[in-house]
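What follows is a set of structures to go through.
Next, two complexes with chain A in common: one pairs it with chain B, the other with chain C.
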Partner chain A sequence: MMLKKMTQTKEYPTEPLKIWNEGKQLRRRYYEDYLNANEHGGLRWAGGAWSFSAIPAGLGDDVYCITGEPHGATIAFFKDFTAKCHEAVEAAGFPRTLCAYMRNYWGSILLDKYILADGTVIDNHPTPDFIWQDHICCSHGKWYQVAKWLEEKKGKRVPMYCVDVSVGYPMDKPLEDYKINYIINQLDDGIEWLKKVTGREYNDVLLCEAVWNEVKATKLWAEICALNQAVPAPLDEKTMYSLYVMGTLMKHRPECVAFYEKLKAEVEDRVRRGIAAVGNERFRVITDTQPPWGFLKIFREMEKYGVVSLGSLYTYGLIGMWKYRPDGSWIPKDLPPAKPKTREEALKLIVEWTVDRPEWAHFYLPEAKTKMILSIVKQWKADAVLLHYNRGCEGLSVHIAENRLGIQKAGVPVFPFEGNMGDEREFDFTGTLARLTTFFESMGLKKMKK
Partner chain B sequence: MITAGVDVGAKYAKIVLLENGKTVMTRVNSTVGFDLLKSANTVFKKALTKANLERDQITQVVATGMGRKTIHKKPPINTQEIIPEVIADAKGAYHLIPTVKTVIDVGAEEGRGVKVAEDGKVRDFVINERCAAGAGTFIETMARALEVGVKDMGPLALKSTNAIPMNAQCCVFAESEVVGLIHSKVSKQDIAKAIHDAMAGRIASMVLRVGVEKDVALIGGVARNPGFLPPLRKELNTEILVPEYPEYVGALGAALLAFEMEGKK
Partner chain C sequence: MVEEVFETFRRWIDNRHDYAKAWKEKTGSRIVGYFCTYVPEEILYAVNILPVRILGSHEPPTVTEPYIFAMFCHLCRDCLAQGLKGRFDYIDGIVEGQSCLHLRQAFNAWRLHIPINFAYYIHIPHGIQNPHAIPYLTQELAKFKKNLEDWTGKKITNEDLDKGIRIMNRNRELMRRVYEYRKPDNPKITGLEAMEMVLSSQMVDKEEHSKLLKKLLEELPSRNLNRNSGVRLMIIGSEDDDRVFMKNVEDLGATFVVDEHCTGSRYIWDDVAPHEDKLFAIASRYVKRVPCPSKDWPEFTRVNHSVKLAKEFNVQGALVIQNKFCDPHGIEIPPLREALKQIGVQTYPFEFDVTVPWGQFRTRVEAFLETLTGLEELF
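Up next, the complex of A and B:
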């Protein structure tokens, strides 16, 4: 780690995002739509942010979902409610070492309370009409199996369908047809299952529309992230957390596409005008995995040193879709040549699109994740990497120590810190901040005067 | 030219007064209380008295340690600069042992591993996370449980030839283990050895994260504990050098940097 001379004192113009309030309203409406769906004869379903959300869309325009991980993160942001959720889960006999989002979600069911995006807690946790989940992370399957049991204990029957997506990662060559077909066949069967458990007809036109929305939304988010290669960075990661979340909530919906189109135009405009997210930007870092949601103020502390967090493989690749160009650069994935017209085309397209998801790579190949992190470092002109050894998420933390070694080997300064995305008991804010500032100071940075 | 390095740690404040960037004039330390600034001022005054100097005869003062920000630019010390512990450790250790590549600093509250470049600068570092089980406070706490003086812990451990595993990663849980061992009639010397072995294991696994390259130096107050060095050598499977005044190496590094800064003016 070499000391970097930090002589730049340039101040960049900065301004708030114009689309900010629109995003807040969209998120609030999302939670309210789910809550109120049954009142208007609509359907509610629950599942993970990575589930094939375009498939249930074929049941009608009045089908609303709640994705578990963003909901767990929302709970984590409101520490008092989180503490109550954890108490309830531990009292029910579950250990505190499990996925923190999952515990937040279960706690919400056990307490029979529901939290909206603004922190409003209301009584009666809304029970989904069905669960539609996918399996890649070790917690994903158990999450809804237990959620289903907990609902059943309250006398509510919730049918569940899970799609196994563990077919490998197309690192150097496309996946074999039989692997793709394995997932397609599960989705095909899933459509029949959805018809059976809901008693509804299935509309392939709506399916094709939803698949196309998802493809567009996940590409758009990648394009927005790519704009952060500019100096100064038009977005900081703390802000991006409130923006990428749309893709984790409703990647298949037209509102998501419309929001990202508008956001992309605004960020392009910021780049053109040199508008910075952090006015005193002089040192660029990226992070990894979910942050400790209850302590996002750590990003503001970093700004006092002129440090901007540009994002991470997590913020870019959890939802955003990317590919490698032959020259080795990492760029947003191309849109497929045409919108699907049939169920068969739609299922094939969404499966082939999804198996490329960057944040799935490390489940199979830690070196694939290291490669992507190093691509981000290079292309986004990052000076260092901050790695969150996230005790709350086994899935995204798996192999992270190997990633650290890979980053270190490439000569990039790397700072690991331990914490938990959703359980504040496992994050020492003061200690982490002290070590982080030591890291910055060892890089030649000093706290800047206001 | 006289420069000063002030290292305000969790338990002790240490001061080194340095003449012309080479000769150590004075080393003084004192325990710190809740008021870090007051503690640092007291020890600074002691150092001046011992060296028969006035504050204005000190050209440049650099502070390090966890309390560095609390005392920065405040009278009467009026530090001109503050630096993180890892930089001070590397600087001081490199000055004393020019061949050093890895510095292990074990103080009261923190353990640190620092990889040092050919020019004495920091290449990489690691600091223990969230637990005192890899720092001097751990031994202090365990000494209380064993009802022996903290200074007796090392010599006591050296008397034992038995290896008893202590698995707890947490100081509080480790204390429970010690209480369990006491109730099981395990001898104090065996427990003392188990405590030192456990601590050496924690520190070694932490330092291995940045890699161990010879020469390796052990600094910080715990380096004075004779019971700690043998298990650490064994864990890291390497010779470990301990400078004569290991607890002052950070303060020395700060004083050296103060001298360099003055030279650049």
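Up next, the complex of A and C:
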């Protein structure tokens, strides 16, 4: 059965995504809006992709953020600039073993340069009006603490607020009220803090809108990912990186919801028409953690073997929200019964929604992540798992060795490889490709095209 | 007498497992292994459980690779190795007080791969600078207490908690008093001895340890170390129980007069203050204690504390230690060095692994000591 699949040479129709350019423009505008916010009297803030971005939205429609991880990834994609960032950070005395995104971000401050989504590097790193972060791993709070320190050394005072979410993951039952309330109380305080540091009034209606946008956007992204269960897969992971990123940049904004609604309609249409992401698809894999951003061409190399990467828990569950059905299947999470109408309702909703994020599970419980990966393998009909042992991110690599053991135990072929999402010095492209192709050949695959 | 006390501390460390097994046999009570000093030992002592800290053995790692990716710190891998090798086969449970992702992995790998009766993770808050941390931790400790009661079948009363608090406070207070003898121009104890004192307290019954400390304090005032104390150094950073490094540095003409490690001053610096709600009192201590940098944001309170220690102990230079891959400590290196420099304390950074390359480190330490002392010779 497997051998037949490996030797089949069926070609599926394929075509580019129609929404592609719209996505690129949206992303470019995001970075430009942040850059130019102050010119129009707007505010800009910096924080992580997982920060409670809906909360500062209550300050007005002219509040723009830059989320550190996607920005770090953008820097990583442009290897020359990354190298300069790392040199600057190491020259400042920081160890090179730290989170690679964080080092990219600090390097940008130290160099006083800002990179746009297309790789354009401009002078003067834009200083945020405030920092709004949450602490999810050993580095997240510290990242911006040092960013603040670096800005201070340049004579700029940036107030910082950081929310502690370290209350665990609701594996089998909801978290206790005292845990949820601990986070809610911090957000409540945070709103008062935002008013104080910005001098603005706070609008609860905007907060409720932003929370509802986030809930919708993160559900929509899960629904889009679920469509990739189709054979052939309508999307490949390299493409998905450019799509999921909207959720990491602006999950609380209406543009994000509108983009995902449109994208979902297009992907549904591709499934209906049997449009493949990879025309010669014959072997389906999933990956794990952030890829080495400077080496995404590895996905194109995989396609030469007829291999499509369908996504990962990272691409599906970093932003997408999921749940288990009683029959054990993993499906997009339902929208909450009603849109919040008050601050109290909005904060409770967003906290409960956020701590249930699938990619949060493995921080505490390796077995929870293994279970999700195996659900993806089964439902998405994946033939193997490629685990990126990512030296650049402690948070997403934590427990990854346990996941490897769990996947192996389930009898699923697994290929671990070591690299770094944001520091090219720690990824051996040639060596990894050689080992990967050996792995594919051990699966019965042969190179189909040059 | 003093030498005997320090010899006992040393023996307890070297024979920690024998000590624990004998204690168990003698008392018939349970032993719990813990990974991080954020575990509130007060509650374990309240229920007559002996908490022992799980630390590594500084042997090259051979058994942990399948369970922990090697980009995580050597401490977490070395701790797990001890479990996998069966060296803690006498413990009845493991507990972790949330600190970093590294030790969380050691805890989870232990829970999943080494048979154990009781494994409990306390979600100690990271946001220790926010006002909700203490009420939150109070509830988290109540849950821990309940789980301990269910496990042991014994109700933990306020009197029991008072006992646990008393045992811990007493031990910490005595060790802080010993630290005072590091302040004079000719310190009464070496840095190695101080480290062995604190380390051993994490491995043995605190009441027994305190008895020895009391004797030590009686004798210390008249102690003469008969050595040139040399350069007054401070050592700061990640978990550090590398006694060989301490000895080697002090043999080069220096004395560590104070430290900022969780195997040293950070472990003993703060007591539980009295409060009618005992769990609130304990929670307050663990939120307000000198923090691990993983919890210390947005302000650098630990850096400020280190500066204060450096002044109080009249430090000339500081070695800043980062266990390789320890992000919380690594992140703070430049702010810490800058803050110490501002008060005239020069620093030198070292990256530690499970073993340290003393040959290279010796040259660097010597060079650093020369920069602190050699100018008069030059000019």
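Following the convention adopted for this analysis, the second predicted complex is superposed on the first by the 443 of 450 C-alpha atoms of A that agree within 3 Å, B and C clash if a C-alpha of one lies under 4 Å from a C-alpha of the other, contacts with A are read in each partner's own complex, and residues count from 1 in each chain.
Everything that follows uses one rule, which is that contacts are C-beta pairs under 8 Å (C-beta built on N, C-alpha and C of every residue); 3 or more make two chains touch, one makes a residue touch a chain.
The model shown is predicted, which means the values in this text are computed figures rather than measured ones.
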First (chain B), second (chain C), both or neither touched by A:L98: second
Contacts of A:D428 with chain B and chain C, given as first, second, both or neither: first
Which superposed partner A:N185 touches (first chain B, second chain C, both, neither): second
Which of chain B and chain C A:T14 touches, first, second, both or neither: neither
If touched residues of chain A are counted for chain B and for chain C, the larger one: C
Chain B versus chain C as contact partner of A:C137, first or second or both or neither: second
Partner chain(s) touched by A:N38 [first = chain B, second = chain C, both, neither]: neither
Contacts of A:N203 with chain B and chain C, given as first, second, both or neither: neither
First, second, both or neither for A:C162, with chain B first and chain C second: second
First (chain B), second (chain C), both or neither touched by A:S442: first
Chain C-touching residues of chain A, taken from the complex the two chains share: 92-95, 97-99, 102, 131, 135, 137-139, 141-146, 148-149, 160-164, 166-168, 176, 178-179, 182, 185-186, 189, 363-367, 389, 391, 394-395, 397-402, 404-405
Chain C residues touching chain A - in the complex, by the definition given at the top: 65-69, 71-72, 98, 100-102, 104-105, 108-109, 112, 121, 123, 125-127, 130-133, 136, 139-140, 143, 293-294, 297-298, 300, 322, 324-325, 327-328, 330-335, 337, 349, 351
In the complex, chain A residues that touch chain B: 1-3, 408, 413, 417-418, 428, 431, 434-435, 437-439, 441-442
Chain B residues within the chain A interface of the complex: 66, 83-87, 115, 117, 121-125, 127, 129-130
